[in-house]
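Consider the two complexes below, in which chain A is the common component and chain B and chain C are the respective partners.
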Partner chain A sequence: MKLYKNNESIQDKDIMFAVASNTISITILFLPRYITEHTVSSDGWIAILFGGLIALLLGWILAKIAVSFPNEPFLSFASYLVSKPVAVILCFIFVFQYIIISSFQMREMATLSQEYFFDRTPLEVVCLAFILVVIYAVSGSKMAIFKLNILFFPFVVGGLTLLIIAPMWAIKLENLLPVFQTDFKGLQSGTISSLNAFLGFGIVLFYISLIKKPEKAAKMTVLGILFPFTFYIIIFIICVGVFGNATVKNLYYPVFELSKIISIPGIFFERFDSILFIIWTIIVFTTCLMAFDIAVMLINQLIPKLAKQSIIFILSPIIFFLAMLPKNFIQINNIAKYMAYLEIVYIVFVIFLLGTMLLIRGRRTHDSL
Partner chain B sequence: MVQSSNEKYNNPLYLDGQLDENITVIKKILGNSSDLIIRKSRIGRLNHPFALIYIKGLINEDLLNKNILRVLELNRKHIHSNLFDHVYEEIIAIAEINRSKEMKQVIKTLLAGDTVFLLEGVSEAALIGTSGMEYRALEEPQSESVIRGSRVGFIENFKINLSLIRQEIKDPNLRVDMMEVGTHSNQKIAICYIDGVVREDLLQEVLRRVKTIDIDFAPDSGFIEQWIEDNLLSPFPQILDTERPDRVAFNILKGKIAIIVEGSPFALLMPITFGDSLKSIEDYNQRWLISSLLRLLRLFSFYMTIFLPALYVALISYHPELIPAQLLFTITAAREGIPFPSLIEALILVFFYEVLQEAGTRLPYKISQTIGIVGGIVIGQLAVMAGIVTPIMVIVISLTAICAFTIPNYSFAIGLRIVRLATIFAAAILGLYGIILVFIMIYVHLANLKSIGVPYTQSFSPGNLWTLENIVVRAPITVLSKRSFQPFLKSNKKKKDGGSVK
Partner chain C sequence: MIPYKKLIFLICCLPLTAGCWDNLEVEDRSFVTGIAIDLATNKDNNKPAPSEESAAERDSQGQQQQNSQQQSNQPSSGQERIKQNQNESSLQTDERVLNYEKDEDYEQNDNNKFKLTQQLLNPSTFSSQQNTNNSNATSFRNLSQTGDTIIEMNRDMIKQAGSRTNVTHLNIVLFSEALAKEEYLFADLMDIFLREKEMLRSVKIAITEDQSSDYLSILPENEKIPSKYLSKVLENKSTLDIAQPLTVGNVQSYLLMNRSFIIPFISQVNTTTVNYDGVSVYSGIKNKVVGNLIGDEAKGVNFIQSKNQTGTINTKLDDHDVTFEILNIQSKISLKDKKMPLQFDIKIDVASGVAEQYGHLDVMKEENYQKLKSTLEKEIKEITEHTISILQNELYTDVIGLNTYLYEKHYPLWKSIKEEWEEGQHYFIKSDIQVDVNATIEKPGNIIKSH
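After this line comes the complex of A and B, so read on.
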């Protein structure tokens, strides 16, 4: 349907939904644990606040860089800014990163499902079924991916709102006090840990090129980050308020444990967490889908001759295999931590590199195209 | 057909001056069919031979006898000008009349039920609109009944159907483009839209697709639908079929395109979005609060009809711990002695229900009532008593079936059966997780689906979120009309692109 390109074009508001649903990923399930490891009592919200503010700044700069080259794919404008070979290397690292993200998300979801629901179903089956659905979605159009974010958004918002409201009654004030006890070093490490949960905004670097008129894209990126930002702070406070700092530190999925203490009288399901598991699957799905899609998109830019379907065909076994690689919780946890640090360092590096080069070389003028 | 017989028998392309020669050719082309009537006579006073040719049964013979044959035979005037022109313009007392020299056109007119008038010594024919076949009276639509709203449905007569739409929309901008499909049936199809409201690119795409249709005969508009739809594999129809003229009028005023096919009481509406299939025209006739509630109910039923049996299977076979304890005891007690796993139990009942529904649809009305009694009460109850299925499963499947009936569009509802079956299997293999995955897959499919190039989920894009007020709920008419298009105002430029597709 080439006839209806205008119909299909992605609007800048779509980016807001994409950033929000890509940022909210499985990471949020253990985010409070990461942060309480470095902070005292409920002070972690300050770390999230700093992390979020840094993320807003980074996201805004990143979007601004992408907006400077409207309708131009990443490889193309990166080559202009930092020469072709460097751009290709950057691209490859991004491909690697998004493959890891996508398989890590899938594995965490499978672990969660095995831990709480399907202890008899093997991990392989859970992951295989999941990746088949992801492949089905990646094979569709780009517009459909953005549409899915919007279609699922009400479910995500609804589920998360329930998750926030329902355990309110269980908050104990003594768990939250005293405040402002964490030293600077703790806050620093906490901020870095929380920044990891915001890294979903990285997608704007690749997706803004799909928007026809990306003027407002930077603003929309900021709005998109603001949604998980607010949500993270609230959920952190509730989590610490309900369980207390020491317990959160030792729970593998503190946020999921939160949903287990909820009981609503008169509801058909005995266990509320099973309803939330639907939401978690959807959250993981959108994140995994977009990571997969960006990996496919970048490979397509690197090797234009390779058809999209064959890239998907090559990548999906790799993602599946990588997801099966870690043997236990400890390994996944360690990988997640290292990955998080690498991702943060890399995205800051890329923003710094591209941003500086953009300031030096300026936007592409028409004759240099 | 005419073309091929021309080649085959080497028939002339144009009419001859000789009356007898023309008659022989027409007879030869139509194979001297016995319902072909050729009435030869002479114009009164002038004694000039002429012939009236028609096909028996297709025309209004009364009209022919009174307004043509009689006036010609009883002519008392001397005619000095061109005789054919005089007959064409003054004698024949019928409003719809054409002239042609082409043999192909003559044959086509003849087959469409009009009368051909031939005059000796003139190589031209007058084609007189006498078609007047018997048709069914206007009745209440069978597939889309409403409590409050118009009681008129389309019938098999093409002209009546078109006039029904004209009657609803007295707008000079209503356009009706005629086309023909069917290499053998030569059926007319009308593409109706409102000029200035419809999006030009969509109209061109519809016209392009209709032109590609290559079939012998379209018994119903369903043939046209299946030829021009976007996705053959989807369980969701991408073109809406309706029996209601008011629904067609309402929708083409919103910028949709309607196709009416000769001989079919179902009009097609395109492009549609997901919400259109869940709307009933009655939603607009009732007050907005209750209509909104009914919309929500339908949306809920849509999910129920897809997921309810699967949910039950998943809960019973994989997650009994999710069921409240008291209910679980009841279910376990009921399941005692049932020889089948819940999947087989569900499949038996689903199969049983589908068979009943199919039998009820195909049989005459009186027998189908018996089917209902035998199927529903006798077998349903006895199957429970015999210990083949549990009563709870019967409730679940019946509830599913009833939920499916709340969906106003039959084509949409029957497509959901496939989805329901897929969900049951997914639930049997992976439990709740399988249902979630199918749920995601349905959404992925819907996000990729298009109707005439317009995304099926168009209303869920951020620019069009306001259209949701007319999908999830039905906002008050006064609010809706502020945004909806006003036909005679030229200010439609203000409207957003794509906003016309509601």
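After this line comes the complex of A and C, so read on.
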């Protein structure tokens, strides 16, 4: 059984699906809460708009950097731009970051399932079942991951569209008023909070090297970000419209609560939240899977001698262990917050560093490869 | 060898496919459809009472206690009873304890704050009843328990219920008026209905005139479950003196914003009927129910808030009764003057029809039409202004949405006075509210005159 092929290549439109599925993660479930903390009434959509625009810009630059070095892995072109030792350090931080993302997503998923469905099933069992599937998916070829993204995409879009349409009747105009009352400081904090939900575009830095002819990759990245962008704004307005700003601020998972108010008559669909739970699982699965895969890929670049499967089997207990580490919801919440800030700072730093070096040193000519 | 190894491996995998860890058969659950919460009224007669005092007498005492004026008398009578008990032999006392506990619902602790009554629905009996369809045997049962928090009482109740209670189909929560008038209790008790993961935010809330647990046994002949009946009563939209159904989710947003709001208020007529009397006024500042608006007083709130409610208005024209059916209400609040005292202008547009008319008035005549119109306008204006004056002068509470209006349309102003709205400077009480009513009578009905 051959699990790893070296000559894998993907289309540039695959990047779009990958970015979209990776960006929409478990964060969406509490995003409205983070944003209403800083904003008045329904003004949070402005914060998401700013956050989204910044993300589009960052994503475009990031893709452009990666496209400048077609078919070249991250470590290789980063070494060219900022010298080998710096590139290795950058690489290590990325590995660290994606391991944490992976385990955080898994832990949140398990917490959510325990919160709403399985009272007595231990957290460890839910996580174990989840990570076993993730390991299986990572062990396969990268093509499979991208194909899986495309396969899941219609379901995700369908589920989220239902989530948008079904609670429309419950929106009260009085919850959305007044408009434009948030001060600059509130919008600023709200923008940073929302930017956190867009950070999934970071994967383009690593995945564009897999595209054979990445001419359209930057455009596809932007399109990939646009999908969660519009979705976040709509879901935020619906969330505030249904519950009101003060309530959203005080709901642990506002978006999940939203799915709970939907009730479609009929036996199977009466509790809509259980149907949507499948969608949340898919969303978390793709995000967790790609984070894990990038961590494996980067380690593989750092230590080429180590077989991919060995890396997976070394990493998976670590991810599982990290997921079990937070003892309570306060720690999880804090981790989510600090992690978001670190990620934002780091990705901006990397973009700035690689971008300026690219401008200074220029693209690599073919003969110097 | 290899197939055997595979076989053994597969057999080892079998336990993993056993399915859900948390599975619970539907027959093993009992669904809670209604909850009633009261103050534990037996604080003082919980001590072993002489057996001559029958349960009926105790009940009457319990009712007396709801009248808050008489509450101060109660402890002394309780102490008397204790003295009586001391004279008796311990054996007799023990006997009486036993008798006492048989009489009363099972209650275990002296100093409990609340009494929780749950209506449990047994799915198995319910389905069998549908099949046989002969007995009017109860498909529900009510259980009571006292305790300090709802979840604690609920867990204690599982000991009685014999099966796990499930709240996913909870329909209605009743609070007694006595409880709602205690500071913070209503808001505190609301917590569990929001925090518990299985609860839906659409659970309805109502306040009952007396002991709310009694309402869970009111069963009309055409209904099977009391809480379903109560829930239907609350969903009524065709009278004006009642409110929209208030859900747990609404309450949370009101409480979080320190808003005052109205809660449906129901009273018991007889053992099979309840009456939807009006609304209770909950003050977001005092954190308790401060009073009730009954009948016409509650109509005023509906005229101002115009929430898709229809109903009738009774007026007198030349000593004859005329009743109008209100078909549609459109109201608009505007702020005329931003200086203190604030001047509000409430414009109410009413579309109506003549529903019933005594005497022999020709409704087709222009002058009579004008007369009817002005009577109706005057009546609505009076009702509304009366409600406003009660709210401003007696209850000091804004449930007509002026606070919300300021928040939505005049946010900077609202921000500067939000602390002083219903307390401190009392801007609400001081504000000047003008009511303008414009009525149109759209339909005369089938006839011109009946006699």
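Everything below uses one rule, namely that the second predicted complex is superposed on the first by the 358 of 369 C-alpha atoms of A that agree within 3 Å, B and C clash if a C-alpha of one lies under 4 Å from a C-alpha of the other, contacts with A are read in each partner's own complex, and residues count from 1 in each chain.
Methods note: contacts are C-beta pairs under 8 Å (C-beta built on N, C-alpha and C of every residue); 3 or more make two chains touch, one makes a residue touch a chain.
Given the structure is predicted, the values throughout are model-derived calculations rather than measurements.
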Once chain A of both complexes is superposed, is A:P178 in touch with chain B (first), chain C (second), both, or neither? second
Have a look at where A:K260 lands relative to chain B and chain C in the superposition and call it first, second, both or neither. second
Is A:A246 touching the first partner chain B, the second partner chain C, both, or neither of them? second
Does chain A have more residues touched by chain B or by chain C? B
First, second, both or neither for A:V125, with chain B first and chain C second: both
Given the touch rule stated above, what does A:F277 touch, chain B (first), chain C (second), both, or neither? first
Answer with first, second, both or neither: which of chain B and chain C does A:F117 touch in the superposed model? both
Check whether A:F285 is in contact with chain B, with chain C, with both or with neither, and answer first, second, both or neither. first
Does the superposition put A:S141 against chain B (first), chain C (second), both, or neither? first
Is A:K13 contacted by the first partner chain B, the second partner chain C, both or neither? first
Chain B and chain C footprints on chain A meet at residues 117-118, 121, 125, 271
Enumerate the contact residues on chain A facing chain C in the complex. 40, 115-121, 125, 174-175, 177-178, 181, 243-244, 246-247, 249-250, 257, 260-261, 263, 271
Okay, in this complex, where on chain B does chain A touch? 201, 205, 230, 318-319, 321-325, 430-434, 436-437, 439-441, 443-444, 446-448, 450, 453-455, 457, 460-463, 497-498
The residues of chain C that touch chain A in their complex are 20-22, 168, 197, 200-202, 249, 252-253, 256-257, 404, 407-409, 411-412
Please output the residues of chain A touching chain B within their complex, sorted ascending. 1, 3-4, 6-8, 11, 13-14, 16-17, 113, 117-118, 121, 125-126, 129-130, 133, 136-137, 140-141, 143-145, 147-148, 150-152, 268-271, 274, 277-278, 281-282, 285
